[in-house]
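One chain, chain A, links the two complexes that follow: it is found with chain B in the first and with chain C in the second.
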Partner chain A sequence: MQALLSFDQSPPLTAPLRFLLTAPLYGVLAGALLMIEGADLLASRWTPAALAATHLLTLGFMLQIMLGALIQILPVVAGANLAQPARLAALVHPLLNLGCLLLVAGFLAAAPGLLQAAGVLLLLSIGGFLFAAARALLHVPSTSPTIRGLKLALSGLLVTAALGLVLLLALSRGWSLPLMPLTDLHAGWGLAGWTGILLSAVAYVVVPMFQLTPGYSARSGWAFPWLIIFPLLLWSLAFWCDWVWLAAISQFSLALVGIAFCLLTLRLQSQRRRPRPDVTLHYWQLGLGSLISALLMLLTAAIWPALSQLPMWSPLFGVLVLVGGFIAFINGMLYKIAPFLAWLHLQNRGSSGGSLPAMNKFLSEAEMRQQMRVFFAAFGLLTAACLWPEALARPAGLVFMLANAGLGWNLWRVVRRYRRFCLPVNTVPAV
Partner chain B sequence: MTIRDFLATDHRHCDDLFAAAEQSANAGDLAAAGASFGQFRAAMLRHFATEEQTLFPAFEARTGMSMGPTQVMRMEHGQMRELMDAAAGALQAGNTDDFFGQTETLLIMMQQHNMKEENVLYPMCDQHLADGSAALIERLRSELKEV
Partner chain C sequence: MDFPAERIVDARYMEPPQPFVATMEMLDTLQPGEEMLLLLYREPHPLYRVLQQNGHDWKSELRPDGTFAVVITC
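Up next is the complex of A and B:
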C-alpha cells in the first residue's frame, strides 16, 4: 500500500541518466579494442580480447542501460517503488563501472587478481540492485505480463551473475570445471533469460505505445517468459548431467520461441497507426531482423553442431545478437526515453506559463537519423568483418566507435538543452 | 464490467481519434486533421472531467487519500491539456513539424499516464469502490456521452 501511495514519484533525473550517459563510452571502448586488435579479435570467442569486447558490450553498455532504465520504469509500469532510487543509483553505478573495467583489464592482462576484484565489485553492484528491486517487487502482484516478465527477467539476471561469478573463480583460481559449456550456459541465461525476457516485457508496453500498434495477445504475453525459462532450466539440467542432446534441444526451442516473438512483433508493427516511421522504429526493425538471423543460426547449429566450429560462426552470432540485435533496440529506445525524461523533469520543475519545448526540441529527428546511419554502417561492416576479418575488422571498429560517440554526443545534447531550457525559469526576474 | 475495463476502453477510443488526427496531418489534409484533433481533444477533456469530478472524489472519500495518486493524475491531466493546446495551436498555424513534435510528447505522456491508471489506480478503485461499482460505471458512462 505504501508503494501505491507514492507511485507518482519519478526518481530524480540523475538516477537513470548517469547510466544512460556512461553506456556509449563502452561502445567506444569496444570499437577501439577492435581497431587495436584487428582481425585477431574476431578469430575466436575465447581470446582475451574477444571476452573483453563481449563484456564491454554486455556489461558496460547493455546491463548499464537496463539497470538505469529499470530504476526509471519499475514505479511506472509495475507500481514498484525502489526505496531510495537516487542513492541506489549512486551506489550501483560506480561499482558496476569499476567492476566492468577491472573485468576487461583482467581478461586482457590475464590477471587473476584483477578478475577477482572485478568479481567482488560486480557482485556488490548487481547483488545490491537485485536486492533493492526484489524488495520493491515482492509485494506487487503479477497483474500483467509485463510485471511477471520483469520478475522473471530479474531472476534470469541472478542466475547469469551467479554463473559468471563461478566462471570468474574457476578462471582465476584454476578450478577444473568444463569452462566452455558453462560459458555457453552463462551466455544463454544472460541473453535469453535476462535480456530476452526483459526486452519482451518492455516490448509489451512500448511497441503499442510508441507506434500505436495493436497489443500483444494476453496469452502470448503470459506464456513467453515461461517458454524461455523452461528450456533454460532444461539446458542447466543438461549441463549438470552432461547430456549434450538435451542442451541441443533446449537451444533449438529457445531459438523457435525467440523467432516467434520477433515475427509477432514485426507483424504488430506492420499494423501501426502512426503515419511517420521514426528512428526508433528503424532501430527496432534492424533489431528484429538481426535477432531472427542469429536465432536461425542457433537453430541450424542445434541440428548440425559442426557448423558452430566454423571460425566465423561465433563472432557473427555475437555481432548479430549483440550489435544488430540488443544494442540496436536499446539505441532506438534511448531516443524516446532521454528526450521524454528531460521534457518530464522540465515540466515538473514547474516551468509553466510559457510554452514548454516539445521533445523534438531536445533532440531533432535529423540528429538522431545522422547517428543511426553511422550505426547501420557499423553493423554492416562488423557483419562483413566476420567474413573478411583481415580487411574489415579495423574499419568496422572505427565506425562502431563513431556510432557510439554519436550516441553519447546526442545524449549530451539532450542534457545541455535541458539545462539551457531550465535557465530562464531561474534567471528571469519576476516582473 | 470493472471500472478498469470501462475506462481502459475509453483510453483506447481516445487513441483511435489521436491516430486519425496524425494520419490526416501527415497526408497534408490540415482541415481533416484539425477536425479529428478537435474530436480527440473533446474526448480527452470529457475523460479528464469525469475522472476529476466523479471517480477521483469517490475514491478519495472512501480511502481518505486526497494527496495520493489522484493528485498526481490531476497534475498530469493539466500537463496533457497544455500539450493538446500547443498541438492544436501548431495545427492552426499550419506548422506540421511542430504539431508532430507536440503529439510525440503527448503520446508518450498519455500512454505512461494510462499505464499508471490502468495498472495501479483503477484496480485500487475497483477494490475500494466494489460495492457501488455498477452505479458508478453507469454514471461515468452517462458523463462520457455528454457532448
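Up next is the complex of A and C:
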C-alpha cells in the first residue's frame, strides 16, 4: 500500500528549482540598473535602459518562474506529463538565461549582433518548452477551466515570442515596421494573453487551495481566457489594418475583463475560511489592487489617449502591472510553492521511519514577512519614483534590489532545510 | 446521485494533503463495488493516478459553483 501511495510522477526537484532560484537574481539586476541609470531609466519606455529593465523583469524574473512552475504543475493540475522534465529543464534554463542576458546587453549596447544572438537563444528555449508542453497537453482533454486556460496561455506565449522575434529582427536589421504599435501588441499578448491567462488558470486552483476560499464559478472559469483572447485577436487585426479605434476598443475590453477577474478574486478572498491573513494573501491583495489601478489607467487612456503621452504614464503603468501586479503575485505564490515542493519531494524520497516536518519548518512566517515588508517598501518607492524620479529613482532601485535578494535568500533557506530534513519519512501524496 | 453523509468527503476547505488522506481512509472502509463522493474546488489529478494504480474507477463532474464532484468506486 505504501508504494501505491507514492506520488512518484513528480518531476525531479532540480527541474523547477533551478528556475525559481535564478529568477530573483534578475530582480537584483533590474534594481541595480535603476540605481545606475537613476531618473533616466524612468524618462521613457523607449530608452535602452528601460527596455533592458523591462526584459530583466518579464523574461528573467517572470517567464523564468512561470516556465519552472509549469514543469512542476502540469502533471498536478492538468495530468499532463512532460517527457523527460529534467532534461527539458537542463536545456531550457541555460538557453533562456543566456538569451535574456544577451538581449539586455544588446539593448544597453545597441548591438545588433547581440540582439540577433539573443533572438536565436530565446527562440530555442521558448520554442523547446512550448514543443514539450504542447506534446504533453495534446491528448489531455480540457475537463477543467484550468486545463483550457493553460492551453490558451501557452498559445499566448507563442504569439508573444513570435512578435518579440519580429521586433528583434526589425531593430537589429533596420526593417521598416511600425515599431511602437507592434511593441504595444507584443506587450499586450505577453501581459494579458500569456501572463494574465496563466495567472487566472493557476488562480482557479491555488486561491481556493491555499487561502481556503470558495471556488471560481464554472462559468467565469470557462469564459475568462476567451474574453482575453478575443480582444487580443481584435487588437491584432487592428494593428494589421491600422485601425486605431479598434485597438482602443480592444484595450478597453481587456481592461474591463481584467478588473472583473481581480474584483471576483477579492470577493472570494473576503469569504476565506483561513482566519489569519498570511504573507501570500497580503501579496495577492497588493497584486490585485495594483493590477486594478493599472487597468483603470488603461481604461482611461483608451478613452483619452492623450493621457498615455504624459511622461509618468508609461513608467507608472509598468511599475503597477509588473512590480505591484504580476511580480507580487509570483512572490506570494513562491512562498507556498517552494516549501510545498520541498515537502512533496521529501515525502517522495522516504520509505519508512520518521514523520514529515510541517511546511512552515521549511520557511517561517516571520522570514517571509520580513522580506514582504522590504518588497512593499520597494513598490511604494518605485511608484513614488515615477512622480519624483530625480529624488527617488536610485533609492527605489536599491530597495528593490534588497527585496529580491531577500526572496533569493529565503528560497535558498528552503533548499538548505530540505537537505537537512532528508531523512527516512512516511509517504503521503498531496492532492 | 445522492450519497449518505458517511460516504462523502467534502474537501473543499481542506489543505493538501488532507483531501487525499481523507479519501483513502474512506476507501479503506468500503466494500468492492461501493461508491463514495469527493468534493473539491480543483481536479485531483495526482489522486486519479493513485486510484488508477489501486484499480478504482472514478468519474468527475464540474458543477456550476466550481465544485468538482468525483464519484469513486471501490
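Points to keep in mind about this one:
As a working rule, the second predicted complex is superposed on the first by the 412 of 431 C-alpha atoms of A that agree within 3 Å, B and C clash if a C-alpha of one lies under 4 Å from a C-alpha of the other, contacts with A are read in each partner's own complex, and residues count from 1 in each chain.
Assume a residue touches a chain if its C-beta (ideal position, glycine included) is under 8 Å from a C-beta of that chain, and two chains touch if they have at least 3 such contacts.
Fair warning: this is a prediction, and the values are worked out from it, not measured in the lab.
When the two structures are aligned on the shared chain, A:Lys336 is found in touch with chain B, with no touch to chain C. In the superposed pair of complexes, A:Ala302 makes contact with neither chain B nor chain C. When the two complexes are overlaid on their common chain A, residue A:Leu286 makes contact with neither chain B nor chain C. In the superposition on chain A, A:Ser217 makes contact with chain C only, while chain B stays out of contact range.
With both structures placed on the common chain, the touch criterion links A:Pro275 to chain B but leaves chain C unconnected. Touch criterion met: A:Ala358 reaches chain B, while chain C stays clear of it.
When the two complexes are overlaid on their common chain A, residue A:Gly79 makes contact with chain B and with chain C alike.
The intersection of chain A residues touching chain B with those touching chain C, taken from the two complexes, comprises 4-5, 7, 76-79, 143-144, 147, 205, 209-210, 212, 273, 340.
Considering their complex, residues 12-13, 15-17, 19-21, 23-24, 40-50, 53-54, 60, 62-68 of chain C touch chain A. Remark: chain A residues 4-8, 76-79, 143-144, 147, 205, 209-210, 212, 273-276, 336, 340, 343-344, 347, 352, 355-356, 358-361 touch chain B in the complex. Across the complex, chain C is touched by residues 4-5, 7, 9, 75-79, 143-147, 204-205, 208-210, 212, 214-219, 221, 273, 340, 428-431 of chain A. Residues 15, 18-19, 22-23, 25-27, 65, 68-69, 71-72, 79, 82, 86, 97-98, 100-102, 104-105, 107-109, 111-112, 115-116, 119-120, 123-124 of chain B are the ones touching chain A in the complex.
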